[in-house]
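Pasting the structures here.
Each of the next two complexes has subunit A plus one other chain: subunit B in the first, subunit C in the second.
Presenting the complex of A and B:
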């Protein structure tokens, strides 16, 4: 028998028992509105494709990774440097998670702007919200499995947030950590979540999500003025697909496939060029010379925690997320009918733009975290030569104290140093020597008081140095005095050593 | 004829009632089975939250390790250490010896969100690398988001050694911290 017939015979054997081909061809050929074969409609399927890749790379990594607090970090190093292609699969999995989260958000924004969540697709949206939470859950738990210093302290941050719940806070902390403190059970717990629990939920809800898309049909491209009503929508949609429909495959699917192909290739290239994420330093909590930072998609949260006013913080941390999540779930029930097109829904356009710019800005801030002291600046950042040229010994003494007293951790000179406090390059134009003394001794405006840690002589020296910090062309700030009184008198009055 | 019909009726009734009985029995049995299954599973999962008392006295060093008027990084071993904890069983803390037996022992964790604070002896400050929290040498909050002073451990001096009562990650929700 020639090969063709063999394949046909085998195919027929299965078909007789499974009877799938009619269902499959029905699915492939189900008519979709001609308008929905749009490049705007490709993000969901691309997210799905990345998810499948995550499963494949995830299973591969699990064959080598050691889910124990003792061995996890070294198994990652092994994956990176010893296991053939381990580095590449780790890179694919890490970048894949970023791709997946990013595509998911774009998909979500598109669905929102195109009104695709409206009647009768409310449940599809709700299932999508579960997928959103699960995907973010995967991103966070995955970051924990990369068991390095960032993971360790990230767990501490998670525990500290949960610990703020009134009454049950510390119980919840123990529940999450699997004990009183971050240890072996903590990693094992997150491993179970990352490879069993959340993927299980994800697969279930992906199935539901896809089933609903097939059952209810792909959302037609919204036309301004075409109003969704519960009475007419289903008949209207039916009419659209019978009158002006096209088979899903290949008509709509081809764009999905082209885009998914581009995304997969992009992921393959990015992962090959950029390599795997970490692991950073080993998860030894006694190494405290560490500056823990979350992964890209949690940088904005990191920024939020730094910037929230402290008095509102606990409340917003505990109440904010549930409210946002509840609103997301409630969306199709709040505006389940009416106008679909974003052209007639200015508020939703504003919401999307605001959400993306807010999260974008916070993420950008998170990448350089101006609110954190630069822990090594005092010993590492050089003093610009111009600032020491021609200075008196006292002023030079001040310049040294600015370094050794860690002022530079929060204050930049010549663009180097912390950004927590204002740069000191032109501080003399803003503060009089008096004010500088007061600021140093008493602190205030987010600056600690240094009164106890500086001798009067040291304060003098620092003020003398800072008082020289003004452009040549601009005088330092001074008290308002009678014009005839020479400025130097005022200066020498406050810093007699000058 | 009548009799036969009656017989039939009663037979049908009997089998319906037997069927409903069987169904009820099935539901009942499975409800019990599920409950009996769920209790150990839930108990297992929730077990870390059920225990209240986690603190233990742990030696942290000799008195001579801690010069007076200085703040030093010290570490203790998690009292609930398991062999597969790896490096995570070592827990750091800051020991400040004012004089003699006068100690203050701070947890490493920032009271804001738990990042490891670092001591800077020159300026006498603890700084947090995460969101810019700063504390004075005595643990009072100096600036940034921390809502309260650094957490302190109970401690005692016994036989020339310093002991701390520790073993739990200090968080704001913890009653004794």
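Presenting the complex of A and C:
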């Protein structure tokens, strides 16, 4: 018997028992509204395709990864430097995670704007919300598995949020970390979550989500003025599909496939160009000199931390996220019927724009890492040459002290240095020498008080230097009570007997 | 097999080979240089210098707020033992911090040796300090003599009383002197600051290099202007 007949015979044998291909072709051919074959409807399937890729690359990574405190870091180093194309595998998985989170948010915004969560698709939306939480959970647990210094950040901040819960905070932290501190037990715990628990839930809910999409049909392209009611919607949809329907495959699916192809290509290219994330320095508490940074999708959280007034932090951290999540789940029950088109739902449009711009702006702010001092600036970032030339010996000593007292870790000069405090390049236009003295001695506004740690000579030197920090064309700020006192006299004003 | 099939095979296998070899040169591939080293395992001189010293002593040892280390005369008079000691232990009472791990710093002894060796390799020049006064003072200076030395060698730039002239600012300012060690003053007088136009021992007067005694005297004179201040007094306590 020729080969072709053999394969057909085997295929028929299975088909008779499973009946798969008939089911599949039925599913593929099920009619969808003509209008839903839109370029707007491609994000969900693209998210799904990336999810499949994550599973594949994740399994490949799991064959090398060692989930132990000693082994984790070195197994990633092995992938990066020794295993051929191991780095690319890591890059695909890491960037895939960013892609998936991004696509999922776009998909969600589209579903929201097109009213697709309304009757009878409430359950689809709720399953989607679970998928959202699980995907964010995967992103979070995934970066912990890297177990480098950056991973500490994510974990540390997560633990500190949880630890704020009244009464149970400490117990919860214990539960998450597997102990009071980040240690080997923490890693085992997160490995189990990332590889078994969350993916299990994800696969289950993806199945439910897809089943519901097939069962209830793809949302028609909303028309302004076409109102959803519980009484008529099902019949209306039925009529659209039978009258003006098209088979899902290939009619609607071709756009999905083209878009998914573009996304995969983009992922392949981005991973090849930008490479894997870390691992950076090994997690070792004896290394003090670290500059850990959280992963991209948590940057905005850090910005929130840095910008919130301290008294409101606990409240907003504990109450804010649960409210937002509860609102998300409740959405289809709050506005389950009515107008679908975004053209008639201006408030929804505003909400989406607000949400995206807020998170975008916060992320952008987060990239400046204003929350953390730049620990190396004091010995690494040179005083700009322009601030050295033509300065007096005392002013130069002041410039040195700005380094040695680590002011540079919080204050930039010439664009280099930390951003916790304002840049000092033109501080003399804002403050008089007396005000500068007060700020340094007493601190305030997130700046430590240096009064006890500076000698009079040191204060004089720093103030003399900072007092030169104004554009040449502009005079420094003066004391309005004694305007005749020239600024350069600050030295004789404060210095000990000469 | 047909000829066409041969061609196809050849083409696809060469594409595959090309693709695989290209993988090694993709921009995303982690470079050896990105290998995350422990801070204590860094042995590259420029990296060590730039991370630990450039903030105060300037990029390439020039135009920093503190003494310019890119100075062949200075490197000519100071030996490795003293250099190592300064870097490891810092200079007490000044902003020069200790770098040795044993003194609370972040560098290993090996790294300090690399920095000292690197500075010499980059910036020292044979014979630059020939005939220069020694790094360490040989005997106490005489402040009264120093006044005369100052008038002879320094007043042209620093003004008759040292409070300023062609050179900006006062070098007898109490706060400045309180923050600067005698050894640093000596280093300035002997080796100068070529980056900021400060002469060295042989350049003050044409044909009349400073003698070791003159250097000690003028430093003693400057030191005599240093206000007596309790060590460690804080600004808050004083006011």
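Criterion: the second predicted complex is superposed on the first by the 474 of 498 C-alpha atoms of A that agree within 3 Å, B and C clash if a C-alpha of one lies under 4 Å from a C-alpha of the other, contacts with A are read in each partner's own complex, and residues count from 1 in each chain.
The definition used in the following text is that a contact is a pair of C-beta atoms (placed from the backbone, for glycine too) under 8 Å apart; a residue touches a chain by one contact, two chains touch by 3 or more.
Predicted, not measured: the structure shown is a model, and the values here were computed from it.
Enquirer: Check subunit A with both subunit B and subunit C modelled on it and let me know: fit or clash.
Expert: fit
Enquirer: May I ask you to decide whether A:346 touches subunit B, subunit C, both, or neither, giving the answer as first, second, both or neither?
Expert: neither
Enquirer: Going by the contact rule set out at the top, does A:69 touch subunit B (first), subunit C (second), both, or neither?
Expert: Once the two structures are laid over each other on A, A:69 reaches subunit B alone.
Enquirer: Once the structures are superposed on A, label A:160 by its partner contacts, choosing first (subunit B), second (subunit C), both or neither.
Expert: The answer is first: A:160 touches subunit B but not subunit C.
Enquirer: Determine, under the contact definition given at the top, whether A:182 touches first (subunit B), second (subunit C), both, or neither.
Expert: So A:182 only meets subunit B here.
Enquirer: A:443 contacts which: subunit B (first), subunit C (second), both, neither?
Expert: First partner only.
Enquirer: On the A-aligned overlay, A:404 touches which partner chain: subunit B = first, subunit C = second, or both, or neither?
Expert: In the superposition, A:404 touches subunit B and subunit C alike.
Enquirer: Based on the superposed arrangement, let me know which partner A:322 touches: subunit B (first), subunit C (second), both, or neither?
Expert: Touch partners of A:322: none, neither subunit B nor subunit C.
Enquirer: With the two complexes superposed on chain A, say which partner A:452 touches: subunit B (first), subunit C (second), both, or neither.
Expert: After superposition on chain A, A:452 lies in contact with both partners, subunit B and subunit C.
Enquirer: Of the partners subunit B and subunit C, which touch A:273 in the superposed model: first, second, both, neither?
Expert: Touch partner of A:273: subunit C, not subunit B.
Enquirer: Using only C-alpha atoms, work out how near subunit B sits to subunit C after the chain A superposition, in angstrom.
Expert: 7
Enquirer: Output the subunit A positions appearing in both contact lists, the one against subunit B and the one against subunit C.
Expert: Dual-contact residues (subunit A): 282, 284, 288-289, 378, 404, 452-453.
Enquirer: Could you please specify the touching residues of subunit C with respect to subunit A in the complex?
Expert: 23, 26-30, 32, 35-36, 38-39, 50-56, 58-59, 63-66, 95-97, 106, 164, 168-176, 178-180, 196, 225, 227, 229, 232-238
Enquirer: Which of the residues in subunit A end up touching subunit B in this complex?
Expert: Within the complex, subunit A touches subunit B at residues 68-73, 152-153, 156-157, 159-175, 177-186, 282-286, 288-292, 302, 305-306, 308, 310, 313-314, 369, 371-373, 375, 378, 404-407, 409-410, 420, 443, 446-450, 452-453.
Enquirer: What residues on subunit B touch subunit A, complex-wise?
Expert: Subunit B reaches subunit A through residues 46, 48-49, 51, 54, 73, 75, 78, 80-92, 108-109, 112-118, 120, 122-125, 127-132, 134, 136-137, 142-147, 167-169, 171-175.
Enquirer: Name, in rising order, each residue of subunit A that touches subunit C in their complex.
Expert: Touch residues, subunit A against subunit C: 77, 80-81, 84-85, 87-88, 91, 148, 271-276, 278-282, 284, 287-289, 376-383, 385, 387-397, 399-401, 403-404, 408, 441, 451-461, 464, 491, 495-498.
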